[in-house]
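Just so it is clear, A, B, C, D and E label the chains in written order, and each chain counts residues from 1 on its own.
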Amino acid sequence: MRPENYKSVEHPPSHEYELNFGPNHPGIEGNYALKVKLEGDVVTEAKADGGYLHRGFEKLMETRLWMQNIALVPRICVPDPVPMEVVYSLGVEELGGLEVPARAQWLRVLHLELSRIAAHLFTFGGHAATTGMYSNMFWGVTDRDYVLDLFEQMSGGRVYHMYNVPGGVRRDLPDGFLARVSELLDYLERRLPQYDDLFFANAVFIDRARGTGTLTQEQALSWGVTGPNLRACGLSFDVRRDDPYLVYDQLEFDIPTETAGDALARTLVRRAELIQSIRILRQVIARLPGIDGPIRCPLPNPLAWNVPMGEAYPRVESSKGELCFYLVSTGGDRPHRVHVRGPSSMHAVQVLERLSIGTRIEDVAQTMFSLDACPPEVDR
Amino acid sequence: MSEEKTFPAIPPAVSTGIACETKKDSFLQRVMDGFAEFCRARSLFILHYCTGCGAIELPPAITSRFDLERLGVSPMVTPRQADILLITGYVSIKTLKRIILTYEQMQGPKYVIGICSCTVNGGMYWNSYATAKQLNEYLPVDMYIAGCMPRPEAVQEGLKQLREKIESGEANSWEDYFKRYDHYLGNQQHLFGDDWHTPTDVIGEARHYDLLGDESLGEHTVRLEKYLQHHQELGLTNVELEPENKELMER
Amino acid sequence: MSDDTTPREGHSGYERLRGTKSIAEILETAMSFERSAQTFYEDLVDRVSKPMRALVKELAEEEAGHYAAFMALKADPAVQQQIGEQVQIPPSDHRFSDYIHLPALPDKPDDQSILQYALGREHAAMEQYQSLASEVPPGPLQDTFRFLAQEELEHKKELEKRYYEVVHSGGV
Amino acid sequence: MTDIKYESKGSLLRPFKALAFLGREPVTEPMGPRPASENYRGFHLNDWEKCIGCGTCKKICDNQAIRMVSIPDLPADPVKGIRAERPAMDYGRCCWCGLCVDLCPTGSLSLSREYVHTCTEEQISSYFILPDPKGMHGQGYEKGWAKTADADLIDLERQPMHQLAPDERTDSFAEVVDGFDPQSALLEASRCIQCGMCHDACPSNMDAPQYIRAIWSDDLEAAIEHIYDTNPLAHVCGRVCTHRCESACSIGIRGKPLSIRWLKRYAMDQVGHDRVRDIVSKRKAPLPDSGKIAIIGAGPAGLTAAYDLALQGFQVTIYEGLPQGGGMTRYGIPEYRLPYNRLDDDIDIITSLGVVIHYDTWVGRDISMTQLEQDNDAVIVANGLHLGRSTRIPGSDHAQVYSAIDLLRKITLGEHFDIPQRAVVIGGGNVAMDIARSLLRLQQRTHGRTDVTVTTLEARDQMMAAADEIEEAEEEGVVIINSRGPRQCTVDKEVLTGLETVHCISVFDAEGRFHPQYDEDDLTLYGADMVVEAIGQAPDNDFLGELLTERLEWVRGRLKIDEEGRTSEPWLWAAGDAVEGPDVIHAIAGGHRVANSIQQHLASLRKASA
Amino acid sequence: MSKEIKAVRLDEVLGEMEGAVMQRKRPGRIRVDIEADALPTLLQLLKGRAGYLHLSSISCVDWPEDEEFELVYHVWSYETGVLVSAHTRISKQSARYISVYDLYVPAGFFERDIYEMYGLYFEGSPHMEKFILTEWNGPPPMLKSFDTEEFVRDTFDWKEYNPDWLQEIVAKGGGIVE
């Protein structure tokens, strides 16, 4: 957005130029590019250029066994891999008619919400960096790392956990794990006011984020925006509540919304979601010890597992929005088709292209981070 | 940076006109070289380019918790100022082209680190049509760090190793790119097609650094020259063709 | 076929016979035992059908070996000095002697009966040589009896194993 | 936590509060690797003592990062299911998902807590490692991700097999085992990890993984194809095979091995006989007449050889002394284990290929060996072991002392004998179980009550009979007395009164050799009006005639054969129990072997003459 | 959420569509099978009358045996909380279909993706050009007829490791089992 005192000048034609914004650019999230046309420093045209992270996941998943795919799925979205694991597992469970034991469902919620916290902290860090606030980036990344420590104890891996498998989860929690989660939640609650001082309630940030990349409700609905980005436009929609999966219907949590629809509103929704995730996790910590039983339903031998013929369209709410897989089985040992519908497919491409127009070049990065676009999810 | 489409004309090759003298291995020279390497090993800039998923462990590595600045390592946004090209995992073919462009823009001495499984033997995308399998077929690699993905501590260890290697004067693989340019170019052409070219005049630079070796030129550089010559004839570019290549082409 | 041919161990139920014999006598008995066995098996070779012949030949060769051991022993000057001494007759002597005189085998022996017969012989000889080894004074004589007792034991075990294989045919 | 009023965005100085952190201890970790978590997925460890080289890790690896390396120094034992191979990991592929650990049937593989490995281009071969218990750099890092009960992906439990209850089965010869229903067969088949240990252990090298996979894919006709690649007696083997495959099954290391035998039976039972015959008939290549072969004995070895040779275009004639085919599988194995109609199906498939069987035809009596030699290009002896061995204890020549083999044959033939009120069986093998259970059924049918005692020399854990046979026999009411050596059959006034036994202290010596030790004071008499000896079998080789017997070479009372099954006569081959001892699958393997040898021999003769 | 749109019962809309076969898969999931030429009308009705505002995705499935592509339009109603998956089949011969971009903006991304990955062209779609596969010259990779492993084998070499331990084992007569 132009400052109020900005006066438009007639630029000579040389002021119109094209810029490859990315893939090698510090402001871009991941390995992704925008080809922008500029008039002075205002974007007049933007065209997303993806595919730098294309690995052909959908093709590869057709070549691998149902169980082998659990190693592949989390890698689709690097900063928030857990919803990928869960949505795939939910899909296979729907196809195979598998009953997930209660404990596994609660463990999945624990895992998912921790991942949401990690992803949001990471996004705060990234978003702060695009507005020049590197201290906050250091904080966000470090605090996320404490969540990764918990993931490591839980699943044996920091970033890619491969913890959820169709039918349940792979391991039960290590001893004393819930207490450590509780400690971390206490820590985060103490930490949030410090984040406020440095970032959320920072005049510089608020000034830069307010009015940047504004989405109206109609635009958001029509452009397929989901997740925190949709909620920042005042639309209270969350898959966890409106199309519930796992045990979210047994949990109490609010769906925070904002109305402005700009980068600031989106960031504030995420901040509020962090608090809701902490609230959910506190409930899980309270309930989980009382839920005994297996953590996985009996599974066939992974090498000889034919999933019954059918199709499934499982959905979850990832930290970025609506995440769906379309799974088709022909009754074979591998999927016939897996279509990954990541929220960033919308946010990082058509929405970003549209929102960039009219913003200044330095705000393009901020717009992208405020949309929490995840390029590997677009490229697959 | 789509080289074929957005560069209608090939920019002229770098021609410094300065003849490089052969280095004299004097005592002072050795002391100065040693000092330079000592300093170089303690001030390394990693190019800020997230080529693949392993990049997710770099923010923790460079921020407070694992603080790579303790090793004198810091991110750098431009290739010209960067020392290290850190390839974080799989490289899709589309990215690989950008990596090569970037690498050629970096100033020597420069170092390539391949982290994750994917840079070594394809990793978990071994049967993907979209990713390159062995990074060192396209670029000389100084150091590998195993993992999928390696933890920040492993990255730390890898950088320490690289630092030692630089200090002992062994990290010279960047010279290999010039000395065996034909080999690397051949692999690049195999993957990207015969009309693959970059704006950098690698052969000219090799000559400038006095690194033109027996394997710098060959059938693949000839193919490149032919392509450039064709463009020159069309008036699209103005390149001085390499005399060696002319000989090779006549044969 | 007498019950005695069934392989068995233990001495309960046997009356311990007391008496003495000279070493020369003992050697004679043992040699005639081995000799008689050798001739017995050699004669048997032609009476059995071809599938069994190898077994009988083997048995004959075994006995011939033992006989040769006694011949060598007798020629030993150290044994010559002891040869007149009297030693206790082992309790197993009567069974041992039985085998010199009573080759109890049916007219058309099959592999099972040959093996049963041979097992009985080996057992009796083993007991006899064991006892003798404990009676005679230390020296080449004792060593030979010990050696022979061990030989017979090993041979018996080998035959038992074969008996099991042949008769129990892998245990179905 | 409070919500922030964003209308008032706060003072510009507010961020400076963060300066308060200046004096605090930094969050920075010390240089160097931190200890990883307890179930960290780091570099691999492999316990070489536990590892059997099955290659399951290689199969589940989605990145083809695991390759099996054959190591000549290591012990290998196909019968026990151990290969001299160990997995090697390519860290240029691995994604540390740990599926290899979760699916390792032995639990030998685990992931350590070690995670740092760096190398230069020249050292890149260090990315390919052969994991051992010491870890990638020999540093002895602790185990991280290892096998746990909740993460185990191996299904250790068998699908239950339904069978007739003991009281339902003792009054008839109805088949005891029901066979799998489709659902349990599918589930059982899907337990298979396709390691192929069963294939290596099977004397006939049946490719069980292939037909199990076909069963699991619900393609039963493909399963039949795979079965008939190596075994024409599929019904027989599906029911009474000694299943060495199951002993070698790598799932059996920590759990129950796959029911490979019942799966084969399931495939055969499900695909109807006519369909099986069609499938098999397609295998017969329209070949020119390759030669004439005579086979003595229509048992498993003879039938297998006939099947192979018939498929190759030979004219095969089998001479069988008994009225029906199948050999010991018909006259030795009771109907409740192998129904005769199933056996008839197997034989029908073989005869449908053009094999002629002359029943009730004794070679040596009805046709001479010389005749066979003259009329045929090759002759196969597969006469089996049809004479029962006797203990030859006193009284064993009494008329009421039977050999189990004779008695079983009588039962199959329907010949009359007096069903004893009380019977004692000597022997602890499968034949002893067969006759005991058969007598028990006859007793139940005739007298309405049962009394069968089995005395075995061996202790319970040494018994030769299959565990399920023993279990079923006892369920039915057979009394099994272990560690009893037969001493004499007691006869009172010409009437058999029972069997006197002596306690057997041990059967084998320390070296595992047969060397029974008895306690002569511990005598027990088991009253009986019939004693059955089921201690062993012998071949009846009289049919060969004296001349041929003299010409042939013998070893340990059996015909001497080379590894191809040739005897010392160039036209004569031998196979089956008579030369290899009693076992149906060995007999089938022998049948294949001689058929193959004959084909090659005759082909080379033709080549030489042409 | 825009409250003006009246939630018209889905059944009514489907009742108007001839040849549409509806199947309730589970609560909140409905599958509709419909002829290709009627599908845009169905989507129009779903969006306009039944409040299915959100196009969650368009999935394409290759059915090589049938020589057909299956297109699945997943549309979601924020009001009723129901996801309708409309299935239709397109012949591979023509490999062309009509864009629904004017109805649902997100279709632009999915249609381009299907065009790239399957070669199915959407008439009227604004971005019928390459996005992800700009450097790819092969056939549409998601087609079942394209074998990625074969392509990789033909294009790339694998690392040849030769560690000391392997050399020792090979010297003894062992080695990698293929």
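The working rule: contacts are C-beta pairs under 8 Å (C-beta built on N, C-alpha and C of every residue); 3 or more make two chains touch, one makes a residue touch a chain.
Just so it is clear, the model here is predicted, and its values are computed rather than measured.
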item: Those chains which touch chain D and also touch chain A; value: B, E
item: Which two chains share the largest set of C-beta contact pairs; value: A-D
item: Chain nearest the global centroid, as defined over all protein CA atoms shown; value: D
item: Cα-centroid distance, chain A relative to chain C, in whole angstrom; value: 90
item: Computed distance of Cα centres, chain D from chain C, in Å; value: 43
item: Whole-Å separation of chain centres (CA-atom averages), chain B against chain D; value: 60
item: Intercentroid distance (Cα basis), chain E paired with chain D, Å; value: 48
item: Per-residue overlap in chain C, given as positions that touch at least 2 other chains; value: none
item: Contacts with two or more other chains, residues of chain B listed in rising order; value: 64-65, 94, 120-122, 124, 126-130, 148, 151
item: Multi-chain contact sites of chain A, meaning residues that touch two or more partners; value: 51, 54, 56, 59-60, 63, 71-72, 142, 160, 379
item: Chain pairs that touch, as defined at the top of this document; value: A-B, A-D, A-E, B-D, B-E, C-D, D-E
item: Complex contact set, residues of chain A against chain D; value: 64-65, 67-72, 133, 135, 142, 149, 152-153, 155-157, 160, 162, 170-172, 174, 189, 192-194, 196-204, 206-207, 264, 268, 272, 275, 294-296, 298-306
item: Chain E residues touching chain D - in the complex, by the definition given at the top; value: 159, 161-166, 169, 172-177
item: Of chain A, residues touching chain B in the complex; value: 20, 23-26, 30-31, 51-56, 59-60, 63, 71-72, 75, 78-79, 122, 125, 137-139, 141-142, 144-145, 148, 158-160, 376, 379
item: In the complex with chain E, residue positions of chain A that touch it; value: 48-51, 54, 56, 58-60, 62-63, 94, 217-218, 221-224, 226, 235-237, 242-243, 311, 313, 315, 322, 324, 326, 328, 336-337, 339, 341, 345-346, 349-350, 379-380
item: Chain E residues within the chain B interface of the complex; value: 134-138, 141, 146, 148-149, 151-152, 155-159
